[in-house]
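Structure record follows, encoded as structure tokens.
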Amino acid sequence: MEKHSFVQRLIARPEFGPLVLLLVELAVFWSINHEFLSVGNISNTLSFTVELGLIALAMTLLMTSGEFDLSVGSVFGFAPVVMWTLFNTGAASLELAFLVAMLLAAVIGWANGWFVTRIRISSFLVTLGMLLVVRGTALYISDGFPQRTWNSGEQWLADILVGSFYIGSFRLYASLFWFIGFAVVLGYLLTGTRVGNWIQASGGNPGAARARGVNVDRVKVALFMLSAMLAALAGIISSIRTSSANPNSGSGYELEVIAMVVIGGTALTGGRGTIIGTVLGVFILRVMRNGIVLIGVPGLAYNIFIGAIILGMMTLHSWLERRHQSGT
Amino acid sequence: MEKHSFVQRLIARPEFGPLVLLLVELAVFWSINHEFLSVGNISNTLSFTVELGLIALAMTLLMTSGEFDLSVGSVFGFAPVVMWTLFNTGAASLELAFLVAMLLAAVIGWANGWFVTRIRISSFLVTLGMLLVVRGTALYISDGFPQRTWNSGEQWLADILVGSFYIGSFRLYASLFWFIGFAVVLGYLLTGTRVGNWIQASGGNPGAARARGVNVDRVKVALFMLSAMLAALAGIISSIRTSSANPNSGSGYELEVIAMVVIGGTALTGGRGTIIGTVLGVFILRVMRNGIVLIGVPGLAYNIFIGAIILGMMTLHSWLERRHQSGT
Amino acid sequence: MAEPLIRMASIRKAYGRVTALDGVDFHVNEREIVGLLGDNGAGKSTLIKVLSGAVPLTSGDIFVRGKKVNFRATNDAIAAGIETIYQDSALVTQLSIARNLFLGREPLKGPRFLNRMDQDHMNAVARDLLKQVGITKNIPPTTPIGSLSGGERQAVAIARAMYFDSDLIILDEPTNNLGVAETQGVLSFVRNARDSGHSCIFIAHNIHHVFQVVDRIVVMRRGKVVADDIDPKTTSVAAVEAVITGMNEPGATHH
Amino acid sequence: MAEPLIRMASIRKAYGRVTALDGVDFHVNEREIVGLLGDNGAGKSTLIKVLSGAVPLTSGDIFVRGKKVNFRATNDAIAAGIETIYQDSALVTQLSIARNLFLGREPLKGPRFLNRMDQDHMNAVARDLLKQVGITKNIPPTTPIGSLSGGERQAVAIARAMYFDSDLIILDEPTNNLGVAETQGVLSFVRNARDSGHSCIFIAHNIHHVFQVVDRIVVMRRGKVVADDIDPKTTSVAAVEAVITGMNEPGATHH
Amino acid sequence: KTFYWISHGSVADPVWTYFLAGAKQWATDTGNTVNTSFHEGNVASQQEAVRAAIAAKADGIVTTSPDPGSLVEVAKEANAADIPIINFNTPDPQASFDAYVGGDNVVFGRGWAQYLVDKGLVKKGDFVWMPVEIPGATYGVQEEEGIKSVFEPLGITYEVTEAKLDQAEAINRMVDYLTANRQKVKAIIGLGDLVTGSIKRVFDQVGVKPGEIPVVGWGNSLDTTQEVLQGYVNAAQWQDPQATSYVALSLANMAASGIPPGFNVITGALYEKDTAQIYDDILSGK
């Protein structure tokens, strides 16, 4: 009963479903257009993937603790606007401006957490309200004008965050290593540490966790702050890479990020989360968007395909789950 | 212990919080700009309110049963495009086109319900996928071009749905009566009927409801269909009133509608819902948007105000709730 | 002898790799109260969940009055006359006592198409039932379940079974949480059930309660039925305890 | 006599308009096992929820070893040495047995800043505890709570109280759902608790269980303490039952 | 006096920033109050805003047209209430506006297509890619109409794709598309300012040299003026966004003072590398 082979153990893991989905997806797209796995395309897909991925990592922990955050997209747009406004007006050095932007993000996350845990408003309403406030503030302080970033060329900070280099003809961004780093740290945090146990308990049965002396509120506030700060970091990385800090960038990311996390196998209702699953989920969605364009779907039908593939993949996913549940 | 005055009973009702919010809001806006309560402005606010309100009514029932629907906004845009495309190309009479559009909406709702109840995918992913498919289809069939509706002048169907008439200088749209009608019927359905009891039980404890022989799946599928059909009706009403059927209209409505329902006091997690609360929630949000434009908040700061007011009002709400909970 | 009311044959149920039921044969005759005993995790709850259609079985057959049935949902079992009170009491905490009592069987009033619930009737019946089940405190039937004490909730679940008569009533540990008066209420309810022509499966860890009311005792251990015809009138409590823990078996080991 | 370990004075607790506790005085001495009895809805669970900081009190004072305390959250009570096993068993169904056992007190391994849980240690302890509490079946400690039977869950909750020693252990109906062997495990655990210097509050509807282990019995009825110094050695079960149901009172009425 | 400036545009669209700047400048210069609002293509919400302005007894309203025909009713109501209502940026001849200030998207679209044809950059059988932020939004639809009238008779094919109003997303989607269709695409028409302004970053990412694929499109942003100067974009359309707002408000003010405007003001110019510096200077506020 306790002796099962490696394959059986792999199949029993909750991440097995998303893994199969990703492989199927890669195989299908590749068979239609071999360019799909070309060096140029992979490098291109990776660059944007990790930016959304950073947010998804933090969102995984937050959703495991039973809350979610709709304001990440607006923080993604807000933080770079603050940073580059400060820098471009000469009010601060780039390092200081970066710190100020991250600090503001932390405050936003803290405020989200405060409303949710103290005032006990549902995180849907709190973060929806915060989304509007933050997005509005970004527009207001920038007067709607995008901030220029291209005098960032010689900055060590910019290099550390998104410096790109080539391995052969393969262009890699430093941001990929940030993503890998955060994935490893947060994955370890969730599964291997005491805090990870608290996060899962906070989402699974907050009453029980509180009864055992876990400070559920502090856990949630910390995760809201993490989520806002990673969103800010992702936004700053993106602004440097695309050389523009537009107050509107990041709109609509919230739903996409939540979709990535859910496809990866994290429960929408809290208590169960997986970082590996999220990493797979991030790739599943990004590869899908890239692949659909690459195989030449008509432009206006783009959304039809994205939606249909989400539905189709989740059906496959649920079928895989059920098969393994009813096993033996 | 069972003898409490009318006031006490009013305060104990869950709808008391939203009611106070609405009154506070009306008072504040009116004190800033007296035009706010002018006949013209009230009639203007009402007309758009009821269209979003129709969707919110159906969403209340759906959320009480423990699910929600992100695809309503896209159905709102899709249904009128279908109807007017059929009519304008001469493929069908207006009545037939209307029926076809409503039927398609029913099919969309049924599909949502099928994926959620049969395949057991979370309604977040299902309706997000459906949102994309439906929006994409609307774009695709219309090639992105809005459909004209102004040859609708002489149609009885258009009159029944949105015909407007004056009471003194007060302009009323027939759609208001549709809203009132649906509010009464659905309110009665939720609180007074057997089906209403099933809806609440399906959201509160689906296992228990199933154990008692309630067909939870059928309840949910029916509510998904209701939600899609009311969204389609609202979209058609709106297209006639604004004389344009744009494949993009309705985008973002889903979050606004859910916010209305939640502000009204319906639980995001299911089991508890109130139609009266939703009607109040609809007015709270619409009045807010109208008032903000009227008192002359700068366009770029608009979102800041909306967000801040949502947060402020929910704080007040939660304070009212707690006061009454802890009362003697 | 006639076909029993319920017959379950070679029932197997596996949750993933865990085998909860391992070839169980079980029957209940007409007008019979069967006590189902067994240690924690023996498979009692799983057996009755299978019987009431709440979980699908892996293999095996169920017969009701000799006719093979295939329960795919609780509705099917209810339609076949099987009513169940679950251990993890299946109430909707947000709904009122009366609405819970009648959930799935709400009485209607007025024209059918209006689908109007007869709330006055529901409240009146609920008030009565609460008294019958032994609750002396005056709890309004419109109180939501969420604000009841543990025992009061259990009493509501019991009251539900008392009201709707079915051929077979299954009670999974109904006396847990119950006070003295309420426990007596349940036991006398079970006794009355037989007299009014019903059958009953009674699961409890308190062997004394079981002995007071049942006609026949069935014992399960580790997913198997190990004794299925113990007569409480001719057997001692201690002997039954030995069967439950497996002490009576030759070469029984205990760690 | 010295100050008692716990003293609660004139405790009132109202849920909205429902008064659950109506001026309760209650104390527990050092090394004392107190049995708390009372009918359903008498206020027992509410009393101990107040004592463990789970719900705020409306008025009244709590003293621990003579020092007035103000429990605003369960953390405060745990810090003061009060450990509680709730009736509606407070486990996280998604987490494994071992993770539930150590929730809030996870042992660490390696450098502190790594915050690394010592999972091997946790699993080993969990395995031991399950045996101690009477579960003979071989359940891996990594099994999620969600796939345990009702009694197995209760046993896990008990095991948790056994492992972390506190000055006062509160058990709210701990023997519900438990089989014969497991019940004996709990009762002997309570007896040992006193010998090793702990105090204990034991709530149960099974008066026989209570009689077997407690030093003193307190009875509540309708939010009030109606007897607070019954000695189980000198009183009969029937007499206590009469106090619980209120039959002993002059002019007691019963509907 | 109080004026309402109501736009169907999105705050996310850089060009609207310049429209807004013109309105603000006018408010500062004249000392009047201008209440501004954006409605992101939502017809119902825009109608509501215009009616709110009428209810508030505004001295004048300037508004864009989200969809031809959609403001016919409310324009009548404004006329009835004796409030001047000026249309800008997107025309709607059917509505009873007092005047129109701005360009004509159909004409712009035709201009771009004609430019590509006249310069010999595309010929029969060629394929032109036309990214747009929001397919179905009026501006893109009208431009497509103009483009179609030139390309269709010549047998030139084209495809519209969605880029989204988000810088990173837009770049990403455009890169994806260009990677897949690099051989096929003979020219690009950027139907909006955000997509045209992203061309340089897209070309750099995919490895297309400036000028390798001819590009025309909107030119109301600094990104685009720079792209024209550096040779990524061949020709770009200037719309005078600030001036459009400014003049529209001036007309409204004039009408409010009892002088009815009896004329429309048409704006716009297509610029190439040689004149791009002028617009670059305007946009960077020099």
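Chains: A, B, C, D and E, in written order; residue numbering restarts at 1 for each.
What we mean here is this: contacts are C-beta pairs under 8 Å (C-beta built on N, C-alpha and C of every residue); 3 or more make two chains touch, one makes a residue touch a chain.
All values reported here derive from a predicted model rather than from experimental measurement.
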Contact distance in steps, from chain D to chain E: 2
Longest centre-to-centre distance from chain B, chain (CA-based): D
Most widely separated chain from chain A, with each centre as the mean of CA atoms: C
Separation of chain A from chain B, taking each centre as the mean of its C-alpha atoms, in whole Å: 30
Inter-centroid spacing, chain D versus chain B (mean Cα positions, whole Å): 48
Residues within chain B bordering two or more other chains: 139, 144, 298, 300, 302
Sequence positions of chain E contacting 2 or more other chains: 11, 20, 135, 160
Residues of chain A touching chain E in the complex: 33, 35, 40-41, 44, 48, 51, 139, 143-146, 148, 238, 241-244, 246-253, 289-290, 293-296, 298-300, 302-303
Touching residues on chain B, where the partner in the complex is chain C: 2, 189, 192-198, 200-201, 203-205, 207-215, 271-272
Parts of chain D lying in touch with chain C, wherever the complex brings them together: 15, 18, 38-42, 45-46, 87-88, 131, 135-137, 139, 147-152, 154-155, 173, 176-183, 205-207, 222, 241, 244-245, 254-255
Touching residues (chain side chain B, partner chain A) in the complex: 70, 115, 119-122, 124-126, 128-137, 139-140, 143-144, 255, 258-259, 262-263, 268-269, 298, 300-308, 310-311, 314-315, 317-319
Residues of chain C touching chain B in the complex: 52, 54, 73-75, 78-79, 84, 86, 90-95, 99, 102-106, 108, 114-117, 119, 140
